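Going by the order they are written in, the chains are A, B, C, D, E and F; count residues from 1 in each one.
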Amino acid sequence: MLEISIFAILALFMLGGSITMIVNKQPVFSAFGFLVTMIGLAGMFALLNSQFLAIAQIMVSVGAVVVLSMLTILTVNAKEENLPKEPHKFKWILFSSIVVAPFTLLVYKTLSILPAHFSDIGTINSKVVGELLFTDWVLPFEILSILLLSAMLGAIVIGRDSKKKKKKSQKRRRL
Amino acid sequence: MSPNAFYLLASLLFSIGLVGLVSRKNLFVLYMSIELMLSAVSLLLATLSKVLGEAGGSVISLLIIGVIASEAAVFLAMIINLYRSKKTLDSDRFNALREGARND
Amino acid sequence: MNQNNITVIPRHGDNFKDKLFLPAIYDGVKVTFKHLFENVTDINAVDTLEYPEEQPTDITSRYRGLHRLTHRPDDSIACVACFMCATACPSDCIFIEATERDDDKDEKMPKSFFIDTLECVFCGYCVEACPCDAIRMDTGIFSLTGNSREDFVMDKEQLLSHKGAFGEEVSCARD
Amino acid sequence: MSTASIVVAVTAFVLGALLALLTIPVLVWLERRIASLVQDRLGPNRTNVFGFRLGGVVQSFADVVKLLLKEEYYPSHIKKGRWLFMLAPVITFAAALLAFMAIPFADTLHIDGEALRVQALPIDYGVLWYLAIGAIGVLGVIFGGWMSHNKYALLGATRAGSMVISYELPLGLSIVSFIVTYNTMDFNAMVQWQSGTFFGFLPAWGIFVQPLAAIILIISLFAETNRNPFTVAEGESEIVAGYMTEHTAMKFAMYFMGEYVAMNTASAVIITVIFGGYQVPWVSTEMMLAHFSGFALSLMIAIPVIVFLLIRWMRKNNTVRPTVSTDSGRNFETKVLSIALIGMTLLIEAILLYLAFFANSPLGESISVMLFQIVVFVVKLMAFNIFFILIRWTVPRFRYDQVQHLGWYYLLPLALLNLFVTALVVVGVNS
Amino acid sequence: MMMQFIYALPMAIVVLGAILLMLLSNSKITLNRLNLISVAILTLSLILQFVLFGEKESTYLFSSIFGNTFILDDFSAIFDVMFTLGAILTLLINNDYFKSREYFAGEYFSLILFSVFGMMILAHAHELVTTFIGLEIASLSIYALVAYHKTRTISTEAMMKYIVLGSMTGAFYMLGTALIYGAVGSTSFTEIAAYIHSHDLSNITVLIVGASFIMITIMFKIGAVPLHAWVLDVYHGAPYPITMFMASTFKIGIFAVALRLYLVMFAPINSFWSEILQVITILTLLGGSWLAINQTLVKRMLASSSIVHTGYLLIAISSIGLGSDLAAPAVMFYLIAYFLSSVGSFGILSFIASKKKKQMTYDDFKGFAQRRPYMAIMMSIFMLSLAGFPSTIGFLGKFYIFTAAIESGQILLAGLGIATAFISVYYYFKLIAMMYFYESDETQKKFPVGISTVLIVIISLIVIWGGIGTSLIPFVPGADGFMNFASQAISSLK
Amino acid sequence: MTDHILSIIIFLPLFTALVLGIVRAEVRLLKIGSFLSSAVTLMLVAWLTFQFDPHAGMQFVEHAPWIKNMGISYYLGVDFLSLTVLLLITLLMPPLYLYMKHEERKGYWYNMMLLQTGVTGAVLSLDLVLFYLFWETMLLPIFIMIGKYGNGMHQYNAMKIVLMTILGSMSMLFSILYLGYMHYEVTGLWSFALNDLSQIDLNAQTSIYLAAGFLLAFVIKIPLVGFHTWMAPAYGSAPTPAVVIMSSIMAKLGVYGIWRFGFGLFESTLLYYAPVIVVLSLIGLLYYAIRAITEDNLRKMFAYSSGSHLSLIALGLILTNIYAWSGSLYLIATHALASAGIFIMIGLVYKRFKTVHISELGGIASRAPKFTFFFAFFALSIAGLPGTGGFVAELLIIIGAFKVNFWIGFFTATTMLAAMVYVFWMLQRTLFGPDNSSCDFQDLNARELIMLLPLVLMLLVTGIAPSLFTPLFEPQLSLFLSDILHTLGGVK
């Protein structure tokens, strides 16, 4: 009962957050919705006995992704007039929801073929995850680091202000 | 409690992300929608992990979280770059690519 | 020429120790901690005034306190309303209205003389500018209180009524 | 769930909340008093309740009351999303508060074979918890800064965000070095690891085992908590008050308190990770329990001495100068406090005496050891808080680019290098 | 164990080289030097790959550590060679290009190496999540490369279109993976294949739905027609070297994973998709041709024609499902053929573009044969090869594919393929016509003998030799030899 | 030497072109080299002809594996049919090079050599993929020559000819692939060799469809009416050597293809299409004749004329009796010679007048008797003047047509008259009309005489003494025919 009510609350938060996210005009509210969804997701992970995953979710999705998005929003600092004008936003959302609904149903129906009860696996704590990461999943885990490295490099390449490049040599300021 | 609720939640979240992706023009919303879709998958994987009684799904979830982070970096750098060039967040305003765009 | 007289002072912060910062921080903390320790062990050793009860006793004659208008030796107002002080004032807090002099000592005298001490920055330029030594800041009054803003606008009478704290009661300019 | 476990859990939770919340006024007071004493001033010392001024702590309570009772108002240009404007400080404050919950105040309590954590949130990966929740805190700053629609607030928020991002990395990496060294992610296990000795005579504290990582950790935590010399986010000389320029009354107070809670948490983390936590050097919990009578005896000797010195100091310093007429009951306060202290000392002495020589109660022994450890913890915590404050009043503020430069160009490579070496050594030692 | 290290070495060299280049990218080393360093790294890796080619039975690398996630076989080896070669050619041929553009900086090389590494992972991965991460490594690097010219609007815009759609399909891929994981309980290819073997088609609905989602991703990445919208714009917006890299190398990388999935994982049920694939193929062929006819920019024309080539490959892939033995080697051969031809054509294009500051249209090629007769000959060779003109390797590629289609009974599809090949003659010959049929005001230029031109000449010779070559000359694979490689690669798949 | 003589014949021009291209030869050298290569080829072919055994089938066979895993082989051979076309090609090339003597554009020469390789290879190859390779290869030089060196809307017309031809060849490719697959299915081995493929039994329906694929390619190349839209523009805007090659050789290759591959592979199935081809040919005869009468441009006029003659050849071919077949083969040779001559003459006219429009010409006879003679001779031999080879051939075909059906014979005969009409009218207007040309008309010089004389001689010899040549092809032709008629069985 407790589990169900926690689930219900978290699910409400997540759905509300995600709908806030796609509905709002201002990116900052969308980001807040996203934040709520992410924290809710972490809660869900905890509810699924994956404590480590929950913490990792908060650390990465909230601590890195949302902060980074917010920082981008701050850097961009878009004024009202620079935001897209979407006069038929709600119509579009409604329309696409109707289009997407069968897809949702497909995914859900497919999933409900799978076993409909949890197995008692116990807590998936950092020890379990760590052992798996360094045995069965070591290759994906290793190349994930390369993915992050290349993404970082890519982000630097794209995001760097090209005008400042010429001053690079003289810019080594001492601390 | 039944995993069906989790399945439903995950598919709903994925679809909400999809809806956001196809119906909005704001670059930030597009970006967050994609992240939401991936997060929904990660929720699904964690659920499946518990259903199957195997921690592998949780590990995949963890890897997906890493992928989300790396995609976020590139995506956000791109948004900054786009905004710098045209001072707008409207994805429809970036429409220079067509037959006539010949300047290199 | 006199090249030998030029002494080159080495720049700080280039050697490793300076770059490391931590020794410098250690030195700084040593100083602050010494003060802290001494003052904690003997609170009475703190070289400070407990102000409302203890009044400052070390106000020197160069201290710029509240303004006053001086008198001539014959007790008439020294000011000739030349507007020098008002012109020199950087914060435009002196308001003078001139009138014909009634005592034939000079041509002009202020009909009214206001100083808005809330505007005043106590720079002393008016004192420097005065050709007649008519305005001085040697009252030694460092604290001014009032119940309303109007209380802080000093008129001619108030200014004339202040006494100098360090002798030399009359204007030294003439006569 | 036995009664004992519930009691311990509730106690730990209450203790955690108290340590987090009650230290706020104390810290504010400490900040002010230490600032003034360092600068040869006296600081706030007059506000009192029935003559009790406790060296001025009461002033802080008065401030809190003032802030609570202040009129709430919003800048008129915030049209939409006032709720988020208001929520932002709450996020910061709540995150800071939550982050503190994973700190152990004493060693695990063994009652009837049940291991009970003296920790507000009994989780075994407290390090990750701290990192995760600590990251949320900055979101409040960012949201608040953005919602203010003010250029200073925006700049402050940007600075805070980018600084957190650039210092989260060296922080995390240095903590990973400690995780590798201690082979655990549990704060409590970390403290236990540190109870041994290192090279035979040094206490095995993190600062001796991992000096470089310890320094990086301290610096990064200074930056994470927005303390000097990293106060760029609210650099008054440049951007008014940074992200909280538009926040007033309780909203401001939330940020303000959040900052102090964060500082408190940071010092708790520092002492837990690198200063042996609740441990006294060279003395482990087991040792204290095994030689309880010796422990009690030394305490029985030490406490009166400390109390005597405290009373002497109080008599000497809790006075006013002859020139000052208003006594406001300081002598009375000294007298009452002295009596209370002596009374408490006597009580403690009696309890210790009973426990050490007459009763054979392991429960009482372990509880008294626990209480002692809590006291040690609080003392260490306060000492480190004072260190934080001292640094603030010693070092000037860095420029913003210098902050970034330090983080990316020095701390991050150093932390990586340290992690690399640590891993090599650990693998080398273990194999 | 030692041998395993040596097997891992080619990839390790690439990724370590990428990191090394990343560290060097901001130093004072000139771009030329960096280029040489990166080429040296890739060449080292290539040499090792050649040395090791054909030696290994399909084994799992470090199976005690990695489990069954990383497979080594000739299939992946041949792809590795193509990726490395593609990167080397991209770097060397575009030497002039990036020297003439001031926006190129040191990170370019590192990103190229990273994406090569990602593609290698794609070719080697034997597990769905590893595949996904490899795909993301390659994609993210290429996203960044597409927008490499930051101040140019169309470049960033191209990246925007690519990344939004690419990430979306990435999410679909992961959804598919999750469903498969839910059904099987594992994401390893071997286990999934075993699961499929042991179950009826009617009992694996979840798996099939998941696999279909994965197929959507692959269809998107190779630019099959309902999901092709990005191709033209992205190829157009990207700088020439990147377009070259994407069109020739990255596309092949996707096919590496597609083929492995199709031939290994879904081998028992791959006839299930044949009908969908046929529909997609028809759309791809017709849509791509329609797009290609209507372009005036050469780059866009080549981009749309690459959609058509995707269509040809899809013909063969659906033939695999319908039980053609020839089809799988045919796909491999066609990939080799397409790789060579597109590297050559895009190489020439970017070589020319390095001197000009605008996108090349058909009209810009007027009188090209008069200005640069040798270049024109080689461009014609590549165009002929792409068009499937006999005596080039492209013809043999189409030959095998259509034969495979006939073998599997898809006669109409083969007919359609031939029809679109006929259409493709129009837009390829149009370029040849532009080059040869018009007079030019400019005088004939001296043939610049540099590394770029020499490489282009070599590629064009290979293109010809691959079409008509015999195995008379020892150690030089002729038309037969390439096919043998392809068959060997396919037969090593297990 | 004898083992690889066919390869040498095919690749000598290409080899020459490559060597000259790599050393970046001067134009002078190029001229000499190309002429020499064609002359050597001619000599080799002459030697080959003397060694040729009329009673044997395929001779001088070369067979080497090429792409083993698909069973594609390098398979060459020569028989009466290919020898005829081969002789034509090699005979025509040296005069063409002579004609081109003043051509200074290098690409021209390279293209001609490449073209020679292409057509020779197509004639001699017995593997279908190899044939397809050469079949497409010979298109490329034509494309370049029309597009680069042509006149009028040459770019457009070049594209048109390429697209239409490739449309045909693509359909042929499909049929080739399917045949190869059928062979694989029947025998388990891949093979694309002609004699392997001709042995598999196809069911009627498949066979009909596949034959259509081949026929489309050849019919476009000929071209029969309906598939002819590329012809007039291409002939009109192509330079003279290209026109000569197109009309004399490439168009004949279409007929050759039907003969060799159509009948070779499908035998009687091809006769399924006989009514269509007959009708198309008859319409073609009429239509082309009418277009020729009304045409003002000399090139286009003779383009239509050769279309008309090729329809005649195709008609003779499809009638499957010995008279018609002999006539067709004979007409292939004689018409090739004659049309080569007439197009060279038109080229000379163009060189002198810068125009090929009849309305702008006239009165040549009075000023250039030698020119007039040659022009008239070639024109009349095209029309079937008795004494030239064309007369014999047309007569044979008409006889064959009458043997099959009176009305077919009748139509064939009437159209012959039409040919006479337009040729005479043309001659009257060009040579004898009022002299409305202002420029100075040069008579033929020695070089032009040398290049035209062999053609004239050959035409005369074929016309006067056909019995010299019939033994060369008669035995095998009748054998081939009886083969087909045998498999035809009762089919009428």
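Quick note on the criterion: contacts are C-beta pairs under 8 Å (C-beta built on N, C-alpha and C of every residue); 3 or more make two chains touch, one makes a residue touch a chain.
Please read these numbers as outputs of a predicted model, since none were measured by experiment.
**Q** Counting one step per pair of touching chains, how few steps separate chain D from chain E?
**A** 2
**Q** Which chain is most remote from chain A in terms of Cα centres?
**A** Result for the farthest chain: F.
**Q** Please find the two chains that have the most C-beta pairs touching each other.
**A** Greatest number of C-beta pairs in contact occurs for A-B.
**Q** Between chain A and chain F, what is the gap in Å from one C-alpha centre to the other?
**A** So the centroids are 72 Å from each other.
**Q** Hey, how far is the Cα centre of chain B from the one of chain D, in Å?
**A** 39
**Q** Rounded to a whole Å, what is the gap between the Cα centroids of chain C and chain D?
**A** Roughly 44 Å, centre to centre.
**Q** Residues of chain A touching 2+ other chains?
**A** In chain A, 52, 56, 64, 68, 73, 75, 107, 111, 114, 136-137, 140, 144, 147, 150-151, 154-158, 175 touch at least two other chains.
**Q** Can you pull out the residues of chain D that are in contact with at least two other chains?
**A** Residue numbers touching two or more other chains: none in chain D.
**Q** If a residue has to touch 2 or more other chains to count, which residues of chain B qualify?
**A** As it turns out, chain B has residues touching two or more other chains at 14, 17-18, 44, 48, 51-52, 54, 56, 60, 63, 67, 70-71, 74, 78, 81, 91.
**Q** Which positions of chain B touch chain E when the two form their complex?
**A** For chain B paired with chain E, touching residues are 14, 17-18, 21, 27, 30, 34, 37-38, 40-41, 44-45, 48, 51-52, 54, 56-57, 60, 63-64, 67, 70-71, 74-75, 78, 81-82, 85-86, 91, 94-97, 99, 101-104.
**Q** In the complex, go through chain C and note every residue touching chain D.
**A** Listed in rising order, the residues of chain C that touch chain D are 22, 25, 28-29, 31-33, 35-36, 39-44, 46-48, 50, 53-54.
**Q** Taking the touch rule as given, give the residues of chain A at its contact with chain E in the complex, in rising order.
**A** Listed in rising order, the residues of chain A that touch chain E are 106-107, 110-111, 113-114, 135-140, 143-144, 146-147, 149-151, 153-158, 160, 162, 165, 168.
**Q** Which positions of chain E touch chain A when the two form their complex?
**A** Touch list, chain E to chain A: 15, 18-19, 22, 26, 65-67, 69-70, 103, 105, 107, 110-111, 114-115, 117-118, 121, 127, 129-130, 133-134, 136-137, 140-141, 143-144, 147-148, 150-151, 156, 159, 175, 179, 182-183, 205-206, 209-210.
**Q** Where on chain F does chain E make contact in their complex?
**A** Against chain E, the touching part of chain F is residues 64, 66-70, 74, 129, 132-133, 136-137, 140, 143-144, 147-148, 154-155, 158-159, 162-163, 166-167, 170-171, 173-174, 177-178, 180-181, 184.
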